[in-house]
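Once you've had a glance at the structure underneath, I'll fire off some questions.
Every chain is named by a letter (A, B, C and D) in the order it is written, and numbering of its residues begins at 1.
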Amino acid sequence: MGLVHAEEMTLNIGPQHPSTHGVLRLKVKTDGEIISEITPVIGYLHRCFEKHCENLSYEQVIPFTDRCDYIAAMNNSFGYVLAVEKLMDIQVPERVEYIRVIMAEYNRIASHLLALGTFGLDVGAYTPFLYMFRDRERILDLFEITCGARLLYNYMWVGGVSHDLPLGFMEASYRFLDEFEKNINEYHNILSYNKIFIERSADVGIMPKDVAIDYGVTGPNLRGSGVKWDLRKDEPYSIYNRFKFDVPVGTGIMGSVGDCWDRYWVRAEEMQESIKIIRQALDKIPREGNVHEALPKKVRPPKGSIYFRTESPRGDLGYYIISDGTPTPLRVKMRSPAFTALSALSEIATGWMLSDVLVILGSLDIVLGEIDR
Amino acid sequence: MTIDNIIQWFQSWFPVNVMVLFITSVLIAAVVIFAIMAVNALVAVYAERKISAFMQDRVGPMGQGPGLHAGKWGLLQTIADTIKLILKEDIIPKAADKKLFIIAPFIIFLGAFIALAAMPFGPYLIASDMNIGIFYILAVSSFGVIGIILAAWSSDNKWSLYGGMRSAAQIISYEIPAALSLVSVLLLTSTLSMQGIIQSQAGTVWGFLPNWNIFNNPFSFLAFFIYFIAGVAETNRTPFDIPEAESELVAGFHTEYSGMRWAFFFLSEYGNMLVVCGLTVVAFLGGWQSPIAGVMEGAWWGLFWFLTKLTATIFIMIWFRWTFPRLRVDQLMNVAWKILLPIALFNLFGVAIWTLLVG
Amino acid sequence: MGFLENRFEDNIITAKLDQILSWARSTSAWYFQFGLACCAIEMMATAASRHDLERIGMMPRSSPRQADVMIVAGTVTLKMASRVKLLYDQMADPKYVISMGSCANSGGPYSRQGYHVLKGVDQIIPVDVYVPGCPPRPESLIEGLLKLQDKIRKERPLTKKK
Amino acid sequence: MIINQKVSDILEVKFPGVVILPDEPHNDFIQIHPEKWKEIAKFIKTDSELKFDSCQCITGVDLGIEDGLEVRYNFHSMQLKHKIEIRIAVERKNPSIPSIEQVWRGANWLEREVYDMYGIRFKGHRDLRRMLLPDDWKGWPLRKDYKTPNIYNGMKIPKVRKGWD
């Protein structure tokens, strides 16, 4: 018998692949099922966001921020308008602040639902995905009665929001939250505590604390690694300092700290926290108020620059805006959390099996629109 | 209705050459079995889509209004699918090994097809009741994996190759616990013939339960679960669907197949389900025996009971499919070699002692 | 093309067969699980519980070989364009393309400054139905799919083309 | 801001002459010379008073055709919870800057992106390739003097298609 000749195979996962969450290409070197090298190739959805910003006025940029992270569009435009408002020193009315927080938190829930659902899909569970979409649809209904759009809203404006809350929004909200809280248990039963699911995700793709910080990974991925870091708590923007909520971190209940299950779990827990925030905001919101009160006549920030971060569902979303005093920004740079999370992939996923790599990728919850911009 | 019976029946009417008669009757049986497989696939696909829809808060295939009907409740959906698939372009990739690529789906299909020849659908409804029936089914039902490997290899696609290799590893592992748990049944029934196994399960045990092997003793009760788990793995269905793992391998071993050839994969997947569930029913659930001894027995009732049990087990498989996530390939091997195999061996020992002591 | 297509003279039998065939094709148009951008999320929402594409017989397939309809859901960039073309070429005939959303139709909001955006997917592959919207609502996608089904049903695949 | 003053003072002691003092007073950032940038980066990451352990953002900026390019770094400290912005100006012709990819691993992709958009070379970067655009793309699209090509690999990318206006 001669020597068995083993050879590495190069495999292209993507750009079209059911579980790359968009048009991502992973160039992997495989030794059998084991992955020995991963090179993510991105840019298949590079839509020139930053070039557009340099040619459009400040308000016209808002729809493009929506389209960057199309799963959490509210949060993305929220960050942008806050940055512009800070640059222009605008004080928005109380009611607007509350409406923005409610919308951002709803969109965080919607985004996490999608993240958890597609994560389940990567592991091979199809049904939980549809269950989560069912609840996501109800959140989209709330958005729809407010601003008429389901996915990309253009709702946050500089100095206000486009529409006031419609009649019946509060009742519908309370009703939804009550039912949704019960449904979370259903997800835990069908997915979170499923033995096979735990086997697949616990102890897989461990991201240690120092690696996460070194790569600049933020959001649920960082918290999954056990770092208690949430901009809503640590650097409160808008009115987040008025609400009581916890910051869930990964504790390694099922495996070790920072594994895929922890990242999953942090997202699931964050939905609970968002529910808490929304409830408090709905209770405290001023009943009257004109949401268009503080809209500036023309958005023309003074000369200067700002780097402003908010906590999007995927992590620290930073906007770097340079104004030269004209109606169009000189430069808008988006620091996207999914971009940094994906850059850590080759570090944490090397040495795992092919199936694990896709699970790890799913657990990072990337959105290609935001990575490629 | 064994082939021998048909031959005798024919000979009493038309005294012709035995060989001609033999071939004719084999062909008749083959057509019937093919029809069973085709109908099974049509019904099972429809059922799977409807059941999954039901589990997922959807409605599944539905008629869509005048003119564009897929029938009431989408009953004609699978028929439309079939017609479409048959008349779709049949692509053979340039880099593929053409002969193997063409032959592979038929080999997979053949595995399920000839296994059904020994499947007793009723007291007399069996194509050929050979004296080594269960052994035969075990042997030919693992025929399909050769087809899978051929399909995977000849496609010249990396995803397919992964699927094929996974499938080979998986089937080799799961044949063993499956076979061992069937051997423990053979110890109880002391026959290899399918009809013999069913006939030995007549009567009651402890006065009220039917004397099916699953209820016969605690060890065979366990053996049922081992066989069923291994059987699900053999049919490549979730949670053991790693050879085609849609979210990992795009479509696994049949990534490059289109049109009719791909339909054959579909057909044989459901055919395999039929074989595995049929074997489960025969070996553990009393085949065509009525659940209450002495009530509703007879040739047609036998068919009814067999189909009922078959439907129930197939439903459980569909239920698995839409509830569980998928195992990883090494975990799958672990389950087979470290959990199922020891238990199956222990079981075999237990059944042997049981038969020795209790009878 | 399939082995029976465009082979027969026009008569009553082929007319009936044609009807059955195009009925089958329109009723079981399986779509290719292929999302590019924002519209892909709406496509997923259309396939999910509330709207349920399986109602009209559409099933997702992730291999292009087994799919009939390609829903180009999202912005096609220049880097992606060659891959879209490749995937289209890999599909088996008869194949149909739905261009979903403004980006796939014409470049949408990215048409003016998008140096890296293809201005309409119809520049590289033939498109059967355009669905407008940014992103189109699930209802409009379903409307587009029903329009496509109408189009397929009017086809006469067996008879010789004049 | 106090932290900027503090960093600026510490750097002035440790690396004399590296901080460029501003013409007009500002307190948002510190501007430094590019020469010793890698050493400074290592220093501010490990120094017990600064501990900037997270590289948040690297932004390339084109300040206009007459002015030059600039790279702006936003750092953040998870432990001490402070943040800083550092600016380094580079010339327009043949821009290059020391890479900090080996100091913060997260800087790897961020620098590649700046290279992709502005053509600023990061000296010492081990994998400086195009990031978002295809490898055969010509030009640096975010520079102000960039001209959008009309054709790429046989595909037309017109600014306005016939019949739109």
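What we mean here is this: a contact is a pair of C-beta atoms (placed from the backbone, for glycine too) under 8 Å apart; a residue touches a chain by one contact, two chains touch by 3 or more.
Values in this document were obtained by computation on a predicted structure and should not be read as measured data.
Each of C-D and B-C has its own count of C-beta contacts, and the greater count is at B-C. Each chain gets a centre from the mean of its Cα atoms; for chain C and chain D, those two points are 43 Å apart.
With centres set at the average Cα position, the gap from chain B to chain C is 35 Å.
Chain C has its Cα centroid 30 Å from the Cα centroid of chain A. One simple way to say how far apart two chains are is to compare their mean CA positions; for chain B and chain D this gives 62 Å. Within chain C, residues 49, 62, 79, 112-117 each touch two or more of the remaining chains.
Of all residues in chain B, those touching 2 or more other chains are 56-58, 246, 250, listed in ascending order. For chain D, residues touching at least two other chains, in rising order: 132-134, 141.
Looking at which chains touch one another, you get A-B, A-C, A-D, B-C, C-D. Considering their complex, residues 15-18, 22-23, 43-48, 51-52, 55, 63-64, 67, 70-71, 114, 129-131, 133-134, 136-137, 140, 150-152, 368-369 of chain A touch chain C.
Interface residues of chain D, counted against chain C in their complex, comprise 132-134, 141, 146, 148-149, 152-153, 155-161, 164. Chain A makes touch with chain B in their complex at residues 9, 11, 17-19, 33, 120-127, 130-131, 134, 190-191, 194, 196-197, 199-200, 353-356, 358. Interface residues of chain C facing chain D in the complex, by the touch rule stated above, are 78-79, 81-82, 106-107, 111-120, 123-124. The residues of chain B lying in touch with chain C in their complex are 49, 53, 56-62, 64, 67-70, 74, 76-77, 79-84, 87-91, 246, 250-251, 254-259, 262.
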